[in-house]
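Across the two complexes that follow, subunit A remains constant while its partner is subunit B and subsequently subunit C.
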Partner chain A sequence: MSKWQDFRRKHVLLMNTLFTVAVPLTVWLVMELLDYSTTGLHTMNSMVDWTTLMRNLVSSFCFALGLNCNMALGRMDTSTGSQMFLACILGGNLALSLNLGGVGVLVFSMLLGMVAGAFVGFLFINLRILPMVLGLGISLVYECISFSANNQQGLNLFGKPGVGILSNRLFIIGITVLIMLVMTYLFQYSPFGYKRRAIQGNQKLANDAGINIYVNALLCYTAAGALVAVAGVFDTAYKSNLVPVLGMNSNSTVFSNMFPMAVGLWLAKKSNPVIGILAGSLSVQFLVLGLAKFTNIGMSDYMQTCIKYSVWLVFMIYRMNEDKIQLIKDKRARVALAKATRAQRAAVAA
Partner chain B sequence: MTATSSANTSGKELHLNWKERVDVIRSNRWFLMAFPFAMLALIILIFGGATGGNFFRVSVLKGILSQAIIIGTCATGVSFIYSNGNLDISIGAVLGMGATLGVLAYNATNITPLLILVSVGVSLGLMAFNCTMSVVCHIKTITVAIVVTQIYSAITTLLIGGAGTIDIAYETSSMLEDGGFRYIAFFGYFILCLVVYHFTRIGRELRFLGGNETCAQQTGMSSGKATYVSFLMAGLGVGLAAVFSVIDVSAVSVETGSGLGMDVMLATVLGGMSIFGGSRSNAYAGLIGALTVAALNKGLLMVGVPSAFIQGIRGVIFLALVYMNSERRDLLPSRMQF
Partner chain C sequence: MNKILKRMAAGILTGALCLTAFAGCGSTGSGSQGGSSADGETTGKKFVIGVAEAQANDEVTTRRAYFENFIAPTYNVEFIFSEVLKDDAAVKTFIENCIDSGADAIIDFKSNSSQMARLCEENGVVYTVQGIPDMAPDLMEGEFPLFSGWSGANNDHLADLFRNWLEENTSADGSEGFLVSTSLASQGNVQHIEVSRAILEGLQEKYGLTYEQPIEDLVYVSETTNVANDKGLLITLYPGSPNKDTWLPGISSLLQSGKYKMFLSSGQTYNQTATVVNEVEAAFGIDIKVASIAAFSTTLDTAFSTLDPNGNPSVDFVTVKPSSVLNASVFAATYNALNGVIDTACRDENGKPANFRFNMISISSPEELAKTKGWDDAEAGTWIAGKEFVDQMLVTTNPDVTAASINELMASVDVDSIAEMMG
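Up next, the complex of A and B:
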């Protein structure tokens, strides 16, 4: 065993931490080099960039975490985008009408998100339709309700009293840390989390062992609804309003947040899903912010979208063939070892 | 004694509750064949009555047929993808990009056949790319569809530019429409699909793979080959639908193909086919379903239902039909994507 392998074996925690930090750091470094060499600007050029990063990060992190509640168990819930719109428009406007300010908007949206998510979960465990297809149908209905509510005005936070707290950096960091702690406990250390992981391993075995897979699915959908609602509130605070959509356009929010979730799940193998998804979201935000700097040399938003999704496609190709690459590496190592052994024996014989 | 107890058991088994009776009815092959036609007739009768006969005006029926041909062509092609258990929601984006490049090629050369060839060729190429990502790179079809939808839509918007629309000469589109190109191409494609699906070995293999992939593979069937055939057949249909959509409005815009994916899924289930594939799949479900979807959309608009509510109604109908067309599993359905 080489010294490097020995070091890695002895310092597993350090190596895992380095792996988790290395990915967002590498993305930032690559974007920094590209941005500076082509536009003369840094990826994080001003305090505005840091504020944008923070707001987008919390929104993306919460949404990706919400998707992961079900995705890890083989349930792709495509209705989470419409749940976000429904929860924020109904919950947010209710809180504003009661003069509850930003915290009220956040709490009421979360509650409505939980109701919206729980209803999807209830339908799922009763109808047993493939989650993605169920999500598409639900999206149509939820979009219809959120579009028709509040005279098609959506949610407008601009100039509303007490909503400034949603843009406060300390408040954003506090909420992010709180969500991280709660979700780490729920996913990793609570009875719900243990059961969820058992179902993730094998649903039939978990069911045979006495785990109520139906209640667990309902709780997963409820948690996902709450998380996407939080994401929606911070996104609305950043843009100052949330315009309702039709024609399944809410799905674009779901699809764009699958990228940080996919990266996060890959990083989670060396940490845990919550930290992994945070690091994944940070990596994608660095990519997006870095690409945004190319606007200065005339690159359009659509070209940036093309690049972002092409990077995702390349990542998915790597992710789905990771085991084959490892297989080739192992084979090469075996061949090298065999050659070395043969050469050693030949030398001894000579 | 044994004979008596056996007879009693049979008597108990024959006493079915209402859920089991519904299951027996919905799995009856004659019910499955008659249901889509009954739905279409019911919708026509309801809207015919609700609009005081205006629904039967020639201009309205022509509009329904025009819309149904676009949805039906896509749905007939996509039924190949559904039948072997795959889902692809990128067809709207593929149609948009195929139509855009076709129009650009036509505007650059003024050669009408080039519009058709480029649209179909591009659609075939894009569907082949999606399939390669799935078969060769082992990414799930739905994940590929999610990623490429964004890429194709962004490229289409870049190609169309700031105006948001590119026109073609009205004479060209009317010439193609009056010359009956749409009907000849649609029925030619429809017959090809029927033959391939119901009278060839590859069609049987597709249905078998959708029904039980493991069993089909153990009998020597190639999942990869079947997936390629299904995506290429769908690509041909989407390419033709791209030409039809250009003929319909004499232009292509950034909105071309948007919402088509959901219309195609709705048409498939309204046509009596399960979007989860299997032995009950057929190639004609898309056409019947497309007529029903187009009639439903038009009818709801004519009776004054707001567009947001039309979407909600379509969502409820979609879920009800998917539930009716799918077998209830003992455990919760799941499918790993990442």
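Up next, the complex of A and C:
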């Protein structure tokens, strides 16, 4: 065993931390180099960028985490985008009408998100329709409700009293840490989390072992609804308003957040899903902010979107072929070992 | 039990799915359905008019209220409203659905296209669009007897509004830098094209600029573009949709460069960019003036009553579409065509489809906004283009109406005349 391998074996925690941090750091470094060399601007150019990063990070993190609640168990819930619209528009406007400010908007949206998510979960466990198909149907219904609510005006947070807190950096950090703690406990240490992981391993065995897989699914959908609602509130704080959509357009939010989720789950192999998804979201946000700097040299937002999703495509190609790469590495290691053994034997024989 | 529940839920979901699919085709009432009525009959029958929409914002909400709550009961018509139509294919589908539902006419706020006109023509349906003829030469030159014409903003007047505001609020040498959001002009959005053009014309006239490229080409750019001009002024065109994740960070990035003190938007984006503009102003200690398109709404009230870090309203100047005037003109063109006077009330002096123009209203302070309180108020039902105004445009109430007389009436609408009309 080489010294490096020995070091890695002895410092597993350090190596895992480095692996988790390395990806966002590398993305930032690459974007920084590209931005500075082409536009003369830094990726994080001012405090405005930091605020934008934090707000978009918590939004992207929560949404990706919400998707992961069900996705890891083989349920792709395509209605999460519409749950976000419904929860934020109904809950947010209710909180604003009660003059509860940003915190009220956040809490009420979360509650509505939980109800919206729980309803989808209730339908799923009773109907057993394919989650994706159920999600598409529910998307259309939820979109229509949120479109017709509040006279088609959606949720407008700009200029509303008390919502400035949603752009406060300390508040954002506090909410992010709180969500991390709660979700880590829920996923990793709570009875719900143990059962969820058992179901993730093998649903039938979990069921045979006495785990109520239906209750677990209902809780997963509820948690997902709450998380996407939080994501929606911070997204609205950035964009000032949330305009309702129709025709399954809410799905674009779902698919755009699959990128940080996919990166996050890949990173999670050396940490846990919560930290992994946070690091994945951070990587994607560095990419988006870095690409935004290219606007200064004439790159359109269409091209930026194209690059962003091309990176995702490349990442997915790598993910799909990761085992083949590992296979080649293992083969090389075996060959090297065989050669070394043969040489050793030859030396002994000589 | 489970099976019953399953069946019930499946039935409900299927029903909901069907309802959702037709959600955009809701109508105002059950009224009688008729065939094509572009044959000149004035039998007092209820006409059915399809309205194709491109957006879902304040303006559309106001329009819907105007058509549903005022026009429909007053003039015995029925409307079928679309959902947000993303492209021409969606418009075509909507029109076909309307025709199947017995629509007599289509008012198109999305396309400005001979393809749609032809589709309506083949089905004997009157076709009216919001837009300008320049954007649809084939529609202008083609033979479309049931095409009743265009209604759109008076571009010259709009350019005047921007120019006058720029005159008072910009430096003499234009050194502050102008960021112009062309929004969806590159994708053919008629309103964004018109306003982008008006902004560029306003800047051109204010500073006596000569652009290296024609304005007609500039408004269609799909990349962030610095407009090359003989005075070397920094004018940057920023196209794109606010719905894209990368649009707002792009605006933020450009504003953070500190090169722009003027942000002029061709779309109704002042609300979406407000947070970003405020944050840049606060972080860099600069004052960015914002000019945009708007509609009378609580959003606009909030924008003028919310102060930026420099103590100014978060929006400095808006041009507001007197929504009901535009809607009255498209309705009048459609209604007159349905009542058989398309050749007189919907054709210009050359016999071509008429080009109805309305004037935008400018607002640059909370005080000016306060004066407009109650104008086109959907909740109160107080419309600039009320019954007396609309009656002057319809053949049923004014048999001598012509395209020229409608245009004269529209041209007479300004802040003072509206104030007088609204009492």
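Heads up, the rule we're going with is that the second predicted complex is superposed on the first by the 339 of 350 C-alpha atoms of A that agree within 3 Å, B and C clash if a C-alpha of one lies under 4 Å from a C-alpha of the other, contacts with A are read in each partner's own complex, and residues count from 1 in each chain.
Note that a residue touches a chain if its C-beta (ideal position, glycine included) is under 8 Å from a C-beta of that chain, and two chains touch if they have at least 3 such contacts.
On a predicted model such as this, the values are computed, not experimentally measured, just so you know.
J.: So in the superposed three-chain picture, is A:L291 touching just subunit B, just subunit C, both, or none of them (first/second/both/neither)?
T.: A:L291: touches subunit C, not subunit B.
J.: Is A:D49 in contact with subunit B, with subunit C, with both, or with neither (first, second, both, neither)?
T.: In the superposition, A:D49 contacts subunit C only.
J.: Would you sort A:Q5 into first (subunit B), second (subunit C), both or neither based on which partner it touches?
T.: neither
J.: Looking at A:S37, would you say it contacts subunit B, subunit C, both, or neither? Reply first, second, both or neither.
T.: In the superposition, A:S37 contacts neither subunit B nor subunit C.
J.: One more residue to check, A:N241. First (subunit B), second (subunit C), both or neither?
T.: second
J.: Between subunit B (first) and subunit C (second), which, if any, makes contact with A:N156: first, second, both or neither?
T.: A:N156 sits against subunit C, while subunit B stays out of touch.
J.: Give me the intersection of subunit A's contacts with subunit B and its contacts with subunit C, in residue numbers.
T.: 123, 127-129, 137, 140-141, 143-144, 147, 152, 246-247, 256, 300, 302-303, 305
J.: Spell out the residues on subunit C that touch subunit A in their complex, using ranges where they run on.
T.: 2, 5-6, 9-10, 13, 16-17, 19-21, 23-24, 56-58, 60-61, 83-84, 86, 222-226, 238-250, 252-254, 256-257, 271-276, 279-280, 283-284, 297-299, 302-303, 305-306, 314
J.: In the complex, go through subunit A and note every residue touching subunit C.
T.: Subunit A reaches subunit C through residues 41, 45-49, 51-52, 123, 126-129, 137, 140-141, 143-144, 147, 151-153, 156, 158-160, 167, 237-241, 243-247, 256, 288-289, 291-293, 295-296, 298-305, 308.
J.: Taking the complex as given, what residues does subunit B use to touch subunit A?
T.: Those in contact with subunit A are residues 87, 133, 137-139, 142-144, 146-151, 154-155, 157-158, 258-259, 261-262, 265, 275-276, 306-309, 311-312, 314-316, 318-319, 322-323, 326, 328-329, 331-338.
J.: Applying the document's contact rule, which stretches of subunit A touch subunit B when the two form their complex?
T.: 71, 73-76, 123-125, 127-134, 136-141, 143-145, 147-148, 152, 203-204, 207, 213-214, 217, 246-248, 252, 255-256, 258, 261-262, 265, 300, 302-303, 305-306, 309-310, 312-313, 316-317, 319-321
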